[in-house]
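Naming follows writing order (A, B, C, D, E and F), and every chain is counted from residue 1.
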Amino acid sequence: MFPIILSILILSTTSNAAVQDFCVADLKAAAGPTGYSCKNPATVTIDDFIFSGFRKPGNTSNTIKTAVTPASADQFPGVNGLGISVARLETEQGGLVPLHSHPGATEIAIVTQGSLVAGFISSANTVYYKSLEEGDTIVFPEGLLHFLFNSGNGTAKAIFSFSSSNPRTQLTSFALFGNDLPSDIVGKVTFLDAEVVKKYKGLLGGSR
Amino acid sequence: MFPIILSILILSTTSNAAVQDFCVADLKAAAGPTGYSCKNPATVTIDDFIFSGFRKPGNTSNTIKTAVTPASADQFPGVNGLGISVARLETEQGGLVPLHSHPGATEIAIVTQGSLVAGFISSANTVYYKSLEEGDTIVFPEGLLHFLFNSGNGTAKAIFSFSSSNPRTQLTSFALFGNDLPSDIVGKVTFLDAEVVKKYKGLLGGSR
Amino acid sequence: MFPIILSILILSTTSNAAVQDFCVADLKAAAGPTGYSCKNPATVTIDDFIFSGFRKPGNTSNTIKTAVTPASADQFPGVNGLGISVARLETEQGGLVPLHSHPGATEIAIVTQGSLVAGFISSANTVYYKSLEEGDTIVFPEGLLHFLFNSGNGTAKAIFSFSSSNPRTQLTSFALFGNDLPSDIVGKVTFLDAEVVKKYKGLLGGSR
Amino acid sequence: MFPIILSILILSTTSNAAVQDFCVADLKAAAGPTGYSCKNPATVTIDDFIFSGFRKPGNTSNTIKTAVTPASADQFPGVNGLGISVARLETEQGGLVPLHSHPGATEIAIVTQGSLVAGFISSANTVYYKSLEEGDTIVFPEGLLHFLFNSGNGTAKAIFSFSSSNPRTQLTSFALFGNDLPSDIVGKVTFLDAEVVKKYKGLLGGSR
Amino acid sequence: MFPIILSILILSTTSNAAVQDFCVADLKAAAGPTGYSCKNPATVTIDDFIFSGFRKPGNTSNTIKTAVTPASADQFPGVNGLGISVARLETEQGGLVPLHSHPGATEIAIVTQGSLVAGFISSANTVYYKSLEEGDTIVFPEGLLHFLFNSGNGTAKAIFSFSSSNPRTQLTSFALFGNDLPSDIVGKVTFLDAEVVKKYKGLLGGSR
Amino acid sequence: MFPIILSILILSTTSNAAVQDFCVADLKAAAGPTGYSCKNPATVTIDDFIFSGFRKPGNTSNTIKTAVTPASADQFPGVNGLGISVARLETEQGGLVPLHSHPGATEIAIVTQGSLVAGFISSANTVYYKSLEEGDTIVFPEGLLHFLFNSGNGTAKAIFSFSSSNPRTQLTSFALFGNDLPSDIVGKVTFLDAEVVKKYKGLLGGSR
């Protein structure tokens, strides 16, 4: 069957073609506007396409009783350049995911255990929210503020899917109070009183 | 506080702006190259952004012992135009998802129960596959052939996430044998013998 | 010169081709995921490509002493589908643009009069801000929280440019306090005290 | 084989899914920013995906001794939304394609008969051009001015391929002289003398 | 004319601007998600934009009596980043292009000599195919399985155009039988009998 | 509040995430098809997002009495990869911006002082133009020829906004006459007489 094997060499391009099927992130090389540079395809293996960080439970021993385990290009190099990534939510009774947005990514959340209240706020300030049961799935449109909290009696879990290989997260309260933006500026651009700003700066790790 | 309320009217646009935050599919209107037309935003509710089809188990009483429940724009109008959708896999012992591709979508699969062997084939005909345990996550790059099968003793489940609001599925064996493409053509373009083609045409619902 | 005139008919397509040079918004027809439907090109005139809303000054007689006049697809149908729009800022002494984000649009601001402090907050909660003089120009990357305030003694003005024909605006404080999201939920997902939430709900027009 | 046939119904979506494989242009419906609305997929046939306009020769009996036969979405509805289209060039001895650009499309030209000189001009005003023989292929990057002319003794032919389903054509000399833009304006913005402008307005069908 | 020459320096950017008109592939540098890095524009010449590989005939002395000569970014660096590429088909009497897909690219085929039967299969398993004569043109929508075979008495030729600078090719039978994917897995995910799989593994160069 | 600070480490990714919020151009590194490589985010400061080149007036002492000051990625590295940039126009009485196009970018022009006539020409050779006063805003759709000239008694100024971080400029008369494209070719592809071509080659700095 030598001739057919030959024909495939004619029909397909050389080993470099594999670069185009995927672009596994080379986390140490320079990035560009659309993601990381590609690892040499000759060194790519199945393990570049597999993420095992969801095997063990996350650590929910924190104030929000919640762990979000991301599987974005930084942790899961195989998704680089492919416009998609995932994460896992675990939240104990009373736990929550604070209000936040993903600049440039839509999110879908699938409840895999327990009950969650989930919602988002449109640019017209309309609130869309509902209590979700196991199996319920919600979409948070790109760039809009959204939140989730455990509304049941036990642990709740969800799978998050994002329309970006690196859906960064802007947590509203940490953006407001968790940095060195001077308190008077924070107050001015949010209408919050100086004392409120200072109190939450103290609570959330901000300064000035 | 009348003046501040007034200012928001100046700063944001009118009710039509909501059209741009999302474009809930109007399944009865004409579609365009990027998806369905948008439902009138004044009639959109939280239920347009929620899919409840994963609440009940799928029906795995079929030859492949498998149910794939899609939540694409057709079933989940809120994802229209947002470049993302999901699906759920349930597969009994011995069950499988036949070889297939999604034209124009990357897929991420997260194993939520049991064990699955999952793999994909590059355009250079290299095979990338591995046995996955609960929590393992794999990415199948856009447009490439891939498969999954239950490799454990019980039911296996997974969540699929796609980089498209409508990741269609081209199942290889059904594309080859499950339609009216004449058997001699099928044989010619696949190198399969006439008798093989005819046998599988019979098995998979094809004619001619 | 009949033959050359004839040749242009051969070389270019018919009147419908104009649809592709531009897609002036038909604000009354159904929209799709990428914008409004196109007005019939035979009825398009130069006025569809011109916006005159910046001729007269905006009304800054409000609590924030500021007017933002948008020229997005809703006001300026000629930009529909072209991935760009603009707006004008006028802000009196002591005026400000509250903290906000544009879901899915980058913004460039050019100071055309006076002094403004402008800044944005990254997803890593790093703050980038500076005092700008007339002629200074700043870019606020897509989807990130940003703000501006008048830091001089007179009126300040700026031109805003957006990488979207409809850069909606999500004003943080109005998203938090200017709607009917129950106060206990607002408090839970922002860590703000109930009394703080209720106070600002009152101030910014929210209920519940 | 009933169960396998059943399973395919579970795995794939309903007839509407075909809309997403392709979006054959409905030339009579409203267009949107990304192309024409889709024809009802139930009425689509193989003929929507085939263009037969290259079967017969074009008419080169014109001043430029050239025929360009387009197969864009207007003539070839199957390419709508797919980001590609083609055209055929036939040019007699001494014939030419005048200087022009395609707003928003890259072009590849493959010489299938004869000899052509082909070139383009960069935004830095560098000229890239060469004499091409049968089989030679050239790329004209998106939006840049380019030209071709027959440099041999007989008919030359080429196939053009475009990175757009509707690569409109802006012919420089017709844009300058083939419309009602007043001659003084044409002269002002091109530095051409009034008499030159008027002469070519006369030749190329312009007025005023 | 010194002042006008000066003005062009003000109006256009420096030599680096050429990088943006085109991005000729530097095949030895790292690639990114959207293609190869750009060659230094100062070293770019007209030859980077010309491909001469179609000057001589391809070698059709193989089992499928067919030569496909690609002009993608690997062979034709000038198309890098421009979303388009081409290829040439030559197929002797009885020759064929086996069933395959291009992950992420639409293809247009123009018959330039002879007769070809060409077709594609939708994700709904509908087959669209027809016999084409010289001049006939067909579009194969993105990512779908398609095929061509010589249906005439002599050599047939075609030009292929792709909506990608690197339209990789996944040949179904080689993906199934031309690698080391274990035969039992191939059988399981295609429903093919073990003996069929092994026979074609032998014929098409596969192992295991 | 240690636990909440801890939770943010869990919820957001490490310092590398900043790469994704923005991609400040590293002007000395290799570029790719979508722009420059990103500067190391650890070295990015607010000054990377600010352009001060509009603080001082441009030099209008040239033949066209006009200065266009660009703030594209080359001058304003913070806009790299963000799909937007700006420029400033100053034009004395009698001044003008010659006919030109931006390959791949739409432009919006806002008149900030004086009077300008502005217009563009469609691919159907229809001219859309009008006299604009201060505050008037016009959009020039992607890739189409357009022009502006001062129609008042004093200096006119405008702000330009582009839908690209590097909107190159192709000035028609310089593309025709300001390079070494042989005069006979220029004449052939524009229908201009040899003497006209030679005269303007002399005026605009061209040779041959």
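As a convention for this text, a residue touches a chain if its C-beta (ideal position, glycine included) is under 8 Å from a C-beta of that chain, and two chains touch if they have at least 3 such contacts.
Remember, predicted model here, so these are calculated numbers, not experimental data.
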Path length in the contact graph (subunit A to subunit E, fewest steps): 1
Chain centres computed over CA atoms; the one at greatest distance from subunit F is chain B
Interface residue identity across copies subunit D, subunit E - same or different by half: same
Could you tell me which pair, A-B or A-C, is linked by more C-beta pairs in contact? A-B
Field rot_deg for pair subunit C/subunit D, CA superposition, rounded to the nearest 5 degrees, holds 120
Subunit B and subunit C, separation of their C-alpha mean positions in angstrom: 35
Averaging only over C-alpha atoms, locate the centres of subunit C and subunit E and give their separation in whole Å. 42
Can you list the subunit F residues in contact with two or more other chains? 4, 8, 12, 17, 20-21, 30, 32, 34, 82, 97, 103, 119, 123, 125-126, 129, 141-142, 144, 168-169, 171, 174, 178, 191, 203-204
Going by the touch rule stated at the top, which chains touch which? A-B, A-C, A-E, A-F, B-C, B-D, B-E, C-D, C-F, D-E, D-F, E-F
Name, in rising order, each residue of subunit F that touches subunit A in their complex. 1, 3-8, 10-14, 16-17, 19-21, 23, 26, 29-30, 32, 34-38, 80-82
Subunit B - residues contacting subunit A, complex: 4, 8, 12, 15, 17-18, 20-22, 45-47, 49-56, 71, 76, 78-79, 82-86, 88, 106, 108, 110, 112, 119-120, 122-126, 128-130, 132-142, 144, 159, 161-163, 191
Which part of subunit E faces subunit B closely enough to touch in the complex? 96-99, 101-104, 117, 119, 121-123, 125-127, 129, 141-145, 147, 149, 168-176, 178-181, 185, 188-192, 196, 200, 203-204
Subunit A partner contacts - residues on subunit E that touch it in the complex: 27, 30-34, 58-59, 61-64, 66-70, 72, 74-75, 97, 103, 166, 168-169, 171, 174, 178, 202-205
